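Listed next: structures, encoded as structure tokens.
The two complexes that follow have chain A in common; it is paired with chain B in the first and with chain C in the second.
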Partner chain A sequence: MTNPRLRAVLLPLVGAALVVAIWQATVVLYQLPMVVLPTPWSVVKTLVALPGTAMFWRDVGVSVFEFGAGYALGMILGIAVGTLMGEWRLFRMAATPVIESLRFIVPFAWIPLTILWFGTSYVGKIALVTYAVFFVMVVSTARAVLHVDPLLSRVGRVMGMGAWQLAWSVHLRAAAPTIASAARAAAAVGWIAVVAAEYIGASAGLGLMITNAASSLATPAVIAGMIVIGLIGAGVSAVVGWITRTHLDY
Partner chain B sequence: MLSRHAQGVLLGLAGVACALVAWTLLSRWLAIGGGAINRLPPPWRVGAEILAYARGELLVDLLHSLRVFALGWLVGAVCATMLGLLLGRVKALGQVFIPVIEAIRPVSSIAWVPLSVVWFGFGLTSKVFLVGLAVFLVVIVYAVDGARRIPPELDRTATMLGMRGAQRFFQVVLPGTLTEVLIGSRVSLMAGWGTVIVAELVAADSGLGAHLIAVQQSYNVPAVMATMAYFGVTGFAMNALFSVAERRLTPWVPRGEDTR
Partner chain C sequence: MNTPLQQGGELAFNAISHQYASAGRATSVLDDVSFSIPAGTVACVVGPSGCGKSTLLGLAAGLLAPTQGTTTWDDTKVRVGPNHHIGMAFQQPGLFPWMTARQNLAVGLRTRGASRAEANATADEFLDLVGLSEFKDAYPNQLSGGMAQRVGIARALALRPRLLLLDEPFAAVDAFTRLKLQQELMALLKRYRPTVMFVTHDVSEAIALGDMIVVMSQRPATVLRIIPVSREERNRASAAYARKLAETLACLGVTSDMDHA
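After this line comes the complex of A and B, so read on.
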């Protein structure tokens, strides 16, 4: 146990094993029924069986599609409007009160309204994710563009760049690291917004899958679904992180 | 020549006015044949609902929601602080259990809603659990960080002054941790408030979220939008209050611009 790298791998495993052991012991000691708390083993079995069903892939596909479409839209709109706010003082002053007051209406509060407007279709979820991602991106893009080192702008102007060129090839580039970390935060918010929207009104998706499992008291399926939601969330964040890292290697 | 400040106020008002005009025109246009969104009320009808709700049940609903929020937030922050101190100061425990917490964190508190309903039903307990979890998952990171990273110069000063044991803990470690916990608590405000909304929408028995579902089910779009506005105002007020409280409680922390 002297090798620090070995310790770094082993100790978390010990921790995970302890947690699973406590979980198992709780179920056995208190003789909890499956509905309240299933054994770790039954959750693993359900989790392994999930990819074999067509329903599961449909739910994953719907949720990921709703997220992906909304995320792309929200990123494009958010970065565009945010850049405009950072670059153009008049627009920033006019838009700030509107953006700031809407920003505090969290995406979840929009769920009932999107259901009234779009029903349980995926359009409503895409709109919701777009909204959630848009506000994260607008605020951080505007701030990042505004706080670019003024020296860089002066260099650009000396080189004869116009306002558009300056915004595109100097300001956005200098602001890119901040925008990249906001992109990861936005991915987490957007993914959870999809799941929450599917709780309340949806015809397919992971959120619907686990609420259905909960109302039919299939608790192992609920926990397995939560693990899948967590894994996809972590996966999305890793993919966004990887894309930003490989494309922003300066 | 207008001052910069006056110019900002005027432009801000112009922006709000533009947004309201656009909203009115949109509602007119959608009423004729908007397809999917055929129920967008004009701003004044939403304003009338905002006033009507304020004269009616607003206070009762708001107090329900705020009680859930405050209880959950307190439970989450206190648990996170204690566990953070333990895992941050006792190195072996930290190495064993911090990775486990890191593995749970990507499962947002929102994903726990159905399980919490199975465990605790639709009442107060399940909502407090969810909000507590949301706050805990944010604050634990700050608490562990604060407990671990005691600035070296403070550490040396404490040694020089001959502090040890309990005195060192209460004079150096605890204040350092609590400062970080306070930052984490502010960051977790919106996560906690968002969780209150989702929990009340799903387990709709009381609070602003239950009201939102009730007016939604009667297709009362102006009332839906009025309730959303109250959610926003409450979130904003909590954020503002907490920023002021934070500045009072930890005046030594350098604060440039808003860090969020």
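After this line comes the complex of A and C, so read on.
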């Protein structure tokens, strides 16, 4: 255990093995039926079988599409409005009270209304993800743009940059690392919003897959679905983090 | 003598008064300031800290408008907004951290309409002049403080400004680097001959670099005296330099003889 690379591989495995062991021991000790808590092994079997079904890929596709579309829209709107708030004092004064009062109405509070307005279609989910992502982005973009080193603004102005060029090529560029870390947080929030909305009312998606499995008492499928949600969420976060590190490291 | 590439112009402050609004009260920083810097002259502005020297630079650059009075460049009123005749360097390098040294020089040239090829060629030329050609692809966080400051000055000069504005550009570097940078700047100014307004709180620097010294008072600042500097007074080893130093310091209320202070 003195080899640091070996340790870096082994220790996380020890942690994971411990969790699985406690899980297995709980099932055995309390003699829990499959419906209440299946064994790790039966969950693994279900998980491995999932990619073989067309329904699974359709559900993954729907959830990822709803997330992706909402994330893109929320990012564009949030960064645009946030930049305007950072650059333009009058707009900031008008927009701040609206943003501040709406942003504490968490996305989940909107789920009943979105179902009322858009039914169980993907439109409501996209709207919800857009909303969730927008508020994370607008607040941190405005703050980041506002806190750009004033010296950099002065440098841009004495070079001869006008207001638009200054906003685009100095302020947004200088704020980009902060905006990128907000983008990573927004990805997590957006993914949570999709799944939550699908739990409550959807015609397809991972959330629906899990609620369907639960109502037919297929508990291994419920847990397998939860693991898929976790894996996709971690994957999205890793991709955003990788883009941040490789392109915005200053 | 080199043929000047770009002719400097005359910068004039005419009866400038300026107030800042802070915490609901107007603070007066400049009070009826008038002086002019003839074309191609290096003027060093000295005075106590916080006396409004940087405000004067901001007025010359068109970064702000005075409360009263006018600033003129070649008899034309300086307007607030992008002004293409100026180049400016600050106490901190203020380099864009996402750009290489070369891109930092090129971006201003591109803003002023140069083609990409022209901008890169000029950037390389000026990085070479400050001895940093090897570092043209380095990012600011890979440069030492002195090197970054050189890039900042090269960036201002690369615009070949008719008016060069310097806001204590050597105040944040160590004493030895400061002397080297002063020499380099002198050599560059001889070559390009812009009109220069150099703000500093270092009186010896003002004598070493300036053709004239503008001595400012405490806030609200007025012009106490304008002192011309001759070539021989610039020689730090001369008695004339010592006399000029004493004269300028006396203006600022500092006695040169510590034993009788």
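Going forward, the second predicted complex is superposed on the first by the 248 of 250 C-alpha atoms of A that agree within 3 Å, B and C clash if a C-alpha of one lies under 4 Å from a C-alpha of the other, contacts with A are read in each partner's own complex, and residues count from 1 in each chain.
Here is the rule we go by: a residue touches a chain if its C-beta (ideal position, glycine included) is under 8 Å from a C-beta of that chain, and two chains touch if they have at least 3 such contacts.
All of these numbers come straight from a predicted model, not from anything done at the bench.
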Chain A residues touched - chain C or chain B, whichever exceeds: B
Partner chain in contact with A:Ile243 - chain B first, chain C second, else both or neither: neither
Touched partner set for A:Met159, first chain B, second chain C, both or neither: second
Which superposed partner A:Met55 touches (first chain B, second chain C, both, neither): neither
Partner chain(s) touched by A:Pro12 [first = chain B, second = chain C, both, neither]: first
Chain B versus chain C as contact partner of A:Leu151, first or second or both or neither: second
Which of chain B and chain C A:Val170 touches, first, second, both or neither: second
Which of chain B and chain C A:Met34 touches, first, second, both or neither: neither
Overlapping contact positions on chain A, where the chain C interface meets the chain B interface: none
Of all residues in chain B, those that touch chain A in their complex: 7-8, 11-16, 18-19, 36-37, 39, 92, 95-100, 103-104, 106-108, 110-115, 117-119, 190, 193-194, 197-198, 201-202, 212-213, 216, 219, 221, 224-225, 227-229, 231-233, 235-236, 239
Chain A - residues contacting chain C, complex: 149, 151-152, 154-155, 157-162, 165, 169-170, 173-174, 176, 248, 250
Contacting residues of chain A [partner chain B, same complex]: 7-8, 11-12, 14-16, 18-19, 35-36, 90, 93-98, 101-102, 104-113, 115-118, 123, 188, 192, 195-196, 199-200, 210-211, 213-214, 217, 219, 222-223, 225-227, 229-231, 233-234, 237
Contact footprint of chain A on chain C as seen in their complex: 61, 63, 81-84, 86-88, 90, 92, 94, 96-98, 107-108, 111-112, 139, 141, 159, 165
